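Once you scroll down, you'll see the structures, which are given as structure tokens.
Below are two complexes that have chain A in common, paired first with chain B and then with chain C.
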Partner chain A sequence: MSLLSNTAVLLGKELRTEFRSRELLTTTAVFILIVMVLFSWTFGPTTEEARRFSPGLLWLAFFFAASLMLQPCFLREQNNDTLSALRLSASDTFAILLGKVAANTIFLLLSELLLLPIFAVLYNVPIQPVLPEMLLVLFLGSLGIAVSGTALAAISSQARMRELMLPILLFPLLVPVLVASTEVTRSLFDPNPLVKWKGIGFLAIFDLVFLTALWLFGEYLLEE
Partner chain B sequence: MTAPASSPTSLQFQNIDKRYGGLYALRRVSLGVAPGECVALAGRNGSGKTTLLRVAARLVRPSAGKLVVTRADSDARSSQRSTGFVGHATMVYDELTAEENLIMFARLQGIPNPTARVETLLREVGLLDRRESLVRTFSRGMRQRVAIARALLAEPSILLMDEPATGLDPEGVRWLAGTLRRLHVAGCTILMSLHGESEISALATRAIRLDAGAILADTEAGASLRSILTFANA
Partner chain C sequence: MLKTIVTCVLLFVLIALTAYIAFHYAPIERTMGIIQKIFYLHLPAAFTSFVALGVCFFANLMYVFKREAKWDWLGVSAAEVGLAFISVVLVTGPIWAHPVWGIWWTWDARLTLTFVLWLLYVAYLMLRSMLEEPEKRALLSALFGIFAFLDVPLVYFSIRWWRTQHPQPVILGGAGSGLDPRMRIAYLLVWAVFLALMVLLLKARYTLESARADVDELRREAEAV
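Our next item is the complex of A and B:
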């Protein structure tokens, strides 16, 4: 119970500080928008090409944007040593990580949802008929990025060359999420869309495994 | 200021080493702090005072040795939560107001009726009229007052303070000395790092001088205590 209430308090703090500054959301959304527009102008894909390539492009844009968004999530805690205050106050250090994971998932999802209509227009892909399935993929993919990204952001925040460290560690780890999310999204954009439950199941298992690892080893990630 | 909510706490550092790479921040430190004792840590910059306090707060894991925190009703986690810690940094969020900061930490610590507790503390630290101001708009001294209020939220049985008077004006130092005196009388164990003599150092019943991570001198009240504190400032 205290884990959930602590997580809720910390999520509230993350949302409050972000909606007050709007730093992460603005940066992430603008970055995704720029990538989408640039690719659309550069390649001018036909409808068929867009169906084939745009899911990969979409998820790559999400990945790069997420690495920008995840970078400051622990660096900000170092400014005033607030992470130490959280470690002293929270009933369970996992709550600190869970609060960050929840906040990062929400920020990433918000950016994605904001830009999904623009993506549909730019690449002429029918999203409306498959919206519930698309939302499920976005949620599972974003959660996967947020869980593993939060863990690596905690590690890299204490390393030298921390700005470079996170993408170097994150991208190889997220290849399975990228492949599965892209495949499921591509199948949804087919003229006869079908839901690839195997891919969705894989994403769910990935999220579960990394959440469990975070629960088991999270305490060590936050140590000085 | 109320008495500590939990039972008196003692600290035992048993042969503690802390290494950062090849550099020893603490070297074979063995030290006991009895319940209700008020101990001043002195020493030059880099002598290991901050590391010792962070080890005591369980924020830093020792490379060798053992820290034993004894409290009648404690496990490791609850003893950490009954520890009030004031560090070098303010340990509060600039983007939140003073009140939001304190209420958040109070909720994390499971303090009943956090709003009332925070209001009491804000009044005590003299920031009640600025409760809704963002911490980033505060002076260093005002931030330090918020930091001290945060450390006192849970009525800790042990208080660890790293140069707690940093940024405080003379009135603030007097207030802090008065607060610490009341806590000390109520049985709170206090371990704090200090530079030189002040109204706060006058509260110390014992002084320890660190040098290069090792204990150089350890003395109880009296003239030798004064010499440790002033020598450290030389």
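Our next item is the complex of A and C:
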């Protein structure tokens, strides 16, 4: 129980810090928008092509944005020297990581939701009929990105060239998420939408595997 | 020193011998012809790289729990040697695929997995070079190595389920899938020699890493004085 209450308090702290300035959300949303528009220009998609490529482009845009958005989550603590204080105050280091994972998932989801309608308009993809399923995929995919991304941000924040190291570590690791979420999204955008439960289950398994790994090895990530 | 030289010479002779067996003793494959010979390099290199990466994962786990520098040295040695063997796989694969499949590369499950593995362990080595302090480098790279290894089955299944378009040509598909016994002997011999080569490289790299750590330590001491 103390893990959950600790996590809730830490999540509250992350959200408060962000919503004071909303810097992270606005910049991430604008970044995703720019990537989407750039993709649209380079491919000049007609409706048929858009349907084929757009799920991949959508998730790539989210990936790029996530690799930037995840950077500050430990850098901020480092710059203000607050990580040791956090470690002292939380009874379990896993709660610190879990709070950050939850916060990052929420930030990612919010910016994705903000951009999804614009994406639907730009790429001419009907989203309303499959909205609940789409939300589920977005949630599971973002959770997967946030879980592995938070762990790797903790690692990369201590390295040189950290801004470049995070995507280098993160993207190969996220190949399964990219493949599965793109596949599920593509069949959802089909004229006859189809829910690929296997893909959704796979995303859930990915999230579970990395959450377990974070639970097992998380305390070592934050060692000094 | 003498022991190393003797082992190297012995291994060199063995490699020459297995090359002879692979090229002259094993029969020429009926449909692919002479190009199939590259498999004697390709497959054993792939198996050997998996062994090396398994060693790397084991060393990473041991480091996280034991915190002894020797596990870190073993981890980086195994990652580098494994990477060398994966590179052999990635180079020989397209050389074979071009005449036989008519394309250099396809995003099929095994190819993709090998490529992602290569990227993951390149990232592992890059991360190491970006971390200054020895203990922090050992711990953080070991953690990344563990995450990377856990990712491997997930990569494999995601690609197998959703990205493989081409049916796989069956090589060594199941026990005794019509493989000539002489070919099997050649495969096993090459693999055995490659494993011996892997151990030799691992040992050399490990010695190098421990010497490097010693030098670092001395330099630190000198700077502190």
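Methods note: the second predicted complex is superposed on the first by the 223 of 224 C-alpha atoms of A that agree within 3 Å, B and C clash if a C-alpha of one lies under 4 Å from a C-alpha of the other, contacts with A are read in each partner's own complex, and residues count from 1 in each chain.
Here is the rule we use: a contact is a pair of C-beta atoms (placed from the backbone, for glycine too) under 8 Å apart; a residue touches a chain by one contact, two chains touch by 3 or more.
As the structure is a computational prediction, the values presented were derived from the model and not from experiment.
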Please indicate which partner A:N79 is in contact with in the superposed arrangement: first for chain B, second for chain C, both, or neither. first
Thinking of the overlay built on chain A, is A:S5 touched by chain B (first), by chain C (second), by both, or by neither? first
For A:L115, is the partner it touches chain B (first), chain C (second), both, or none of the two (neither)? neither
Does chain B (first) or chain C (second) touch A:A90, or do both, or does neither? first
Determine, under the contact definition given at the top, whether A:L24 touches first (chain B), second (chain C), both, or neither. neither
Quick check on the superposed pair: does A:F206 touch chain B, chain C, both, or neither? Answer first, second, both or neither. second
Identify the partner contact of A:E223: answer first if only chain B is touched, second if only chain C is, both if each is, neither if none is. both
Once the complexes are superposed, what residues of chain A are shared between the chain B interface and the chain C interface? 223
Quick one: which bits of chain A touch chain C in the complex? Just the residue numbers, please. 148, 151-152, 155-156, 158-162, 165, 168-169, 172-173, 175-176, 179-180, 183, 198-199, 202, 205-206, 209-210, 213, 217, 220-221, 223
Which of the residues in chain C come into contact with chain A in the complex? 64, 112, 116, 119-120, 123, 126-127, 130-132, 136, 139-140, 143-144, 146-148, 150-151, 154-155, 157-159, 161-163
Which bits of chain B are touching chain A when the two form their complex? 54, 57, 59-61, 77, 80-81, 83, 85, 87-96, 100, 104-105, 107-110, 150
Where on chain A is chain B touching in the complex? 2, 5-6, 9-10, 12-13, 16-17, 20-21, 79-82, 84-92, 223-224
